[in-house]
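Heads up, the next two complexes both have subunit A, just with different partners, subunit B and then subunit C.
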Partner chain A sequence: MDSMYHGDVLIVDLAAGKTEQVDFVEADEAGPGLAAGLALYDRHGDADPLVFGSGLFTGTPVPGACLGFVVGRSPLNGDLAVSPLGMYAGAEMKLSGFSAVVVKGASAKPVYLWLHDGVADLLDASSLSGMDTWQTTDAIRKDMGESLIQVISIGPAGEAKSEAAAFSINYWGSGDSAALGAVMGAKNLKAVALRGLGMLDAEEPEELYNAASELIKSAPAERGFKRICSALGADDIDGWLKPIAHRHRSCFACPSACATFVKYNEPPSVLGSEGVEEPGMLVTSAAAAIWLKDGGWDAEAACRAMEAMARAGVDMLRGARELSAEPLSDASEITVAVKELKGAEEAAWPAGEAIEYGLFGPWVPPLASQDDWLAANRAGYVLGICPTCLLAGGIDTGRLFELCGPAAGIELDPAAVDGMF
Partner chain B sequence: MAVPGGRLARAASDPLFERFRAEFASGPLPRVAVFVGAGASHSWIWFADLLERLGLFAVSFIDEQAVLSGDLGEFDVFMVGGGDTYAMAESLGTAGAAELETHVEGGGFYFGSCAGAYLVLSGVDREPFAPFELVNGNILNVMPEPPEPLCLAHKYLAPYGEEWVFHPVYGEVELGPGPVSNGFKCFEGRGTLASVLFGGPILSAGNDGEVAAVYSGLTTRAAYPWPEDEAARFVTGRPAVIRARHGEGTAVASGPHLEHPLFPRANALAAELVWRHWRSRRGNSVRRAPGSRGAAESSEVGVLLQEIKRQVSNARIVGFGLEKMPVTWRIGVKVWEPEKIRMFLDSAWRRLPCLEENRSRMDDTTCLAALAEGYSRVTGLARSLRTKVETGEDSLEEATSLLSSLKELTAKFLTLYFRLRRQEDVS
Partner chain C sequence: MRVKVKPLECTGCALCELACGYHWDEAFSLISSSIMLYRAEEKKGYMGIIVKTGQDLFLGKPEGAEAVKLGELQKSGAGGASAKPILIREACDLCESAGLEPQCVAICPQNALYLE
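Then we have the complex of A and B:
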């Protein structure tokens, strides 16, 4: 697949401290996106790797094309699991100059991987040990001299290999609900930092661009979590967040800015960035917010808890579920409670149902239907389109599949994607 | 299927270049020197792009010391691009002017664009420009008290004695044929071509100056320090490119950057001017391939190339980050924006795959090691510069040092690259 991916597959042997590059044949043999990622996992499965990759459209102007992924064996249940690389990390993964990255083994000392324009540097991370994800992101960006570097890192939870751990994308957590952050910790891999200034070639660039522009016009460009909450069958959380909401942000190429930046260390009416250094946080997990709200948490306290979880590198989804049982308001109490999070396997879902883990993370009824959820994830991870975006509706999935031709010169049948995994 | 690689690759694939490549390849290739010395900005790297498109790989990048040492005698063509004309003239001095004159009188070809054009106009006769008189012409964009600019105040004016050189339009302009260029293929079709004017002169031709192109119109892809209609009245119909015969040779002064890589038809005009001179001179030159000292141990070459790639990438990433910051640096009379940093680095980055593909031909590990060390230093300088800019400190010293290092390194890199391409071409 010459178009839509550029560069080889990077194989990182952490134990040996070596990297090598091999041809990316999996996209042609198994299919693009997660299909190739799973094939790579199978190929190197003996080394219990983490596989980083991106979908077919990731990094293009196709609406919602922000999605990358990490595949690994979840320490929660020993099964294969996929965690999303959203925001700008998926696009940067695509542009890093590597079509996919397979990280094998464990390093004897803390290291981080700096991937830039087809160059892979395995660097000493001793000075980053013990840092939370915010400090790690700042330190790497300062050392490398660029604030747009996407940093996938672990905090103290990941370093301790806690089952509550998740990797974080920059400062704002991630959808890693399979504790792949703990796998990074076990590998002594503190972070993966990504930046690429390359370009993607499309088979028919003008046709792809025009079709993507048409799709964006027809997609709803909304702000906040309303549509997502509706798709999940939950009450809207925008009104709950509103008193502290400052602005909305979207992931790469997404017409909907669902992520909501909230300010609680200065008034949300302050527009400039010259005020306090850390005015608040970006709420990226609608589900975590729903659980805390439903648990009776005040919005500001809930956001402080999400900040603490993001900093510590704790999975917000499971953490919020565990915290929801006992609402807190004092900042220091929240910090202590977050530090004590264990992973919540035994904790009850607010509605009383058990968590069912699958390839795409926890399936928690009654939110949406499982069939819809799985279909959105399968299509999303192959094409590189945010599954939440697909689930919330507004983007014509059939037309998305038609773009495989101008993008990569291939035909992809939605039914065939269902059979890929 | 579209040409991959973006606008630059599409421009480079213009069929016009095939014709020139075939014509030049039909005999000995001209030996070309590109000026990278004092005052030269980043725009000389566009000459490297142009020469590569034309298949002209016998290229050297020389500074004022080489000119003053008489090195121009080794070359058939001398190209001087944009930058700080004062710094160029002062560094070359009267002796350098004499070297240029000797070069052209003896049958050489001088191509000056923007600053390189101001430098050699006979009408630009104030110190330190007085000794340089290769092209009989003058500049019209000069007056004692230019009107206040509507935009681009930091680029609008340059001092010229008691007067000021000013720029009423900055960006893409349209060029039409002059008497010299009737029948040039680059003007076929629309009858005009697009080029870019980045502070170059609006010209008037002297008696023996032959007009090769005129400013025929302005475009929407430009900034207008003057009201657009006034700029149009001032510029339109005026000479943009003048050719002058001088002894056995030819000198060309071009206001616009005909060598800019995104404008293939303007490239073709420059190529046509070089070719028409060269076809009558090429019997005097001999095609020579540089000697090879034998391939170095390939793993050593691979390691060094990877290190160069690593450091160029690191520096490009910092350079890109600097482009988001509201900062410029005035070095001499030239204003430098942060994006110039990446222009230097990109010129090496684009060519690295070719070096990697031809690593078995690489024979100069000393040069590769120097490049690797140099780009590592550049990465450090770029990061220091970014820290200074971010903290609001004065960053002129760091910027000057970085840009100077980049110029030197890029010339070194391109010298290696063109030597490799020439070996490949001859074999």
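Then we have the complex of A and C:
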């Protein structure tokens, strides 16, 4: 596939400490996005790999085109699982110069993978061992002299291979409810750092750009979690967060801004950057927030708990469910409680339709029937579009499939994609 | 006439950067646009927008917008080292070379950009 992807697949052999680049044939043979990712997993399955990749439109102005993924075998049940790369991580994965990355085996010492502009460096991470995800993100960005690097890292939970572990994207946690963070820990892979200055070509760029612009204009541009809560039948959490809410944040190329930056170490009204270094937390998990709110937690305490979980590299969704049983308010007690999380609770949304999450996990809210929810995940991970946008954002999925031609000169049948996995 | 910013309306989706990059390159990237988010202080939740014109840089900082001369970006403290690349990029031409309305303004879903 000459358009929408650039570069080869990077194969990383952690045991040998070597990397090689091979042709990205899987996109042509199996299809783009997760279809190629699963084919790569099958090809290298004997080496228990983690496969990092992105969807067809990831990194373009198509609405919601933020999505990348990590495929691996979950230590929770031994099944294959997909965890999302949202925010800017999916786009930086796409622009890093590698179409996908397969990480095989385990390293004898802690390492991290630094991908930038088609160059892959496997670097010693001994100095990062024991750091939480905030410290790891800061250290890598400082070492490289670039504050826009996206850092997929594990904290103490991942290093301990805890079933509660999740990888974190920068400071804010992730939708990894399959404990792929523990798989990174088992591989001695402390982090994958991404920075891409690449450029994506399209077969018919003007047609793709104009169509994407029209889709953006027709999509709702909402802020906060109200839409998700309303569709789930859950109480609104925006009002609960409001006293500490600072501003809303979008993922890459998303017209809506679900995530909410809250400040509790300085007044949320402070606009400048001259204040404290760590004023608060970007709340990205509506599900975690709903669990804690329904458990009787105060919003500030709940956000401190989410910060602690993100720092420790603990799955916020399962952790919030476990923490919801006993509301806490003291910061030191919250830190202790987070350290003691075992990942014993099943990951699930506290409200909405009963969904069998399977391969995809509960990152996407159960906003539809089982079939529609699965279809949104399948299409989303192949096309690189956030499935929540497809379910709740009013985006015409059929139109997205039509754009595969101008984007990459391919035809994708929605029904075929829905039957892929 | 220039592109101006309502920084508190911006949610950081980068669609303006993609639109401008497409205007210059007919491809999708974040490396050549005349407008860029400054999101280097991520942990602080601090984010704004810089627009490069032929004469100056318009800094849409959350605490207040200002224009600075091209050589004074670092002195202003806006964006840190990550904002430097905009100095070597093309200045905004309001998309006149393509005969279009400014594409960053047109695509911004949060109405954070306007012409004045």
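Just so it is clear, the second predicted complex is superposed on the first by the 398 of 421 C-alpha atoms of A that agree within 3 Å, B and C clash if a C-alpha of one lies under 4 Å from a C-alpha of the other, contacts with A are read in each partner's own complex, and residues count from 1 in each chain.
Note that a contact is a pair of C-beta atoms (placed from the backbone, for glycine too) under 8 Å apart; a residue touches a chain by one contact, two chains touch by 3 or more.
What you are looking at is a predicted structure, and each value in this text was computed from that prediction instead of being measured.
Undergrad: Going by the touch definition up top, name the partner, subunit B or subunit C, that contacts more of subunit A.
TA: C
Undergrad: Between subunit B (first) and subunit C (second), which, if any, makes contact with A:H44: first, second, both or neither?
TA: After superposition on chain A, A:H44 lies in contact with neither partner.
Undergrad: On the A-aligned overlay, A:E204 touches which partner chain: subunit B = first, subunit C = second, or both, or neither?
TA: first
Undergrad: Which of the two partners, first being subunit B and second being subunit C, lies in contact with A:V119: first, second, both, or neither?
TA: Only subunit B; A:V119 stays clear of subunit C.
Undergrad: Quick one: classify A:L148 as touching subunit B (first), subunit C (second), both or neither.
TA: Once the two structures are laid over each other on A, A:L148 reaches both partners.
Undergrad: Examine A:K342 and indicate which partner it touches, taking first as subunit B and second as subunit C; both and neither are also allowed.
TA: After superposing on A, A:K342 lies clear of both subunit B and subunit C.
Undergrad: Between subunit B (first) and subunit C (second), which, if any, makes contact with A:K226: first, second, both or neither?
TA: Neither partner.
Undergrad: Mind working out whether A:K161 is in touch with subunit B, subunit C, both or neither, as first, second, both or neither?
TA: Neither partner.
Undergrad: Under the contact definition given at the top, report the residues of subunit A touching subunit B in one complex and subunit C in the other.
TA: Common interface on subunit A, subunit B vs subunit C: 145-148, 197, 199, 201-202, 205-206.
Undergrad: Residues of subunit B touching subunit A in their complex?
TA: Residue list for subunit B touching subunit A: 1-2, 4-6, 306, 309-310, 313-314, 316-318, 320-321, 349, 382-383, 386-387.
Undergrad: Any idea which subunit A residues touch subunit B in the complex?
TA: Against subunit B, the touching part of subunit A is residues 116-119, 121, 143-149, 195, 197, 199, 201-206.
Undergrad: Applying the document's contact rule, which stretches of subunit A touch subunit C when the two form their complex?
TA: Residues in contact with subunit C: 59-61, 88, 91, 95, 134, 138, 145-148, 170-171, 197-202, 205-206, 209, 213, 216-217, 219, 221, 223, 246-257, 261, 263, 271-273, 275, 277-280, 282.
Undergrad: Please give the residue numbers of subunit C that touch subunit A in the complex, ascending.
TA: Answer in residue numbers: 8, 11-15, 18-19, 21-22, 25-31, 39-47, 61-63, 80-82, 103, 106-107, 109-110.
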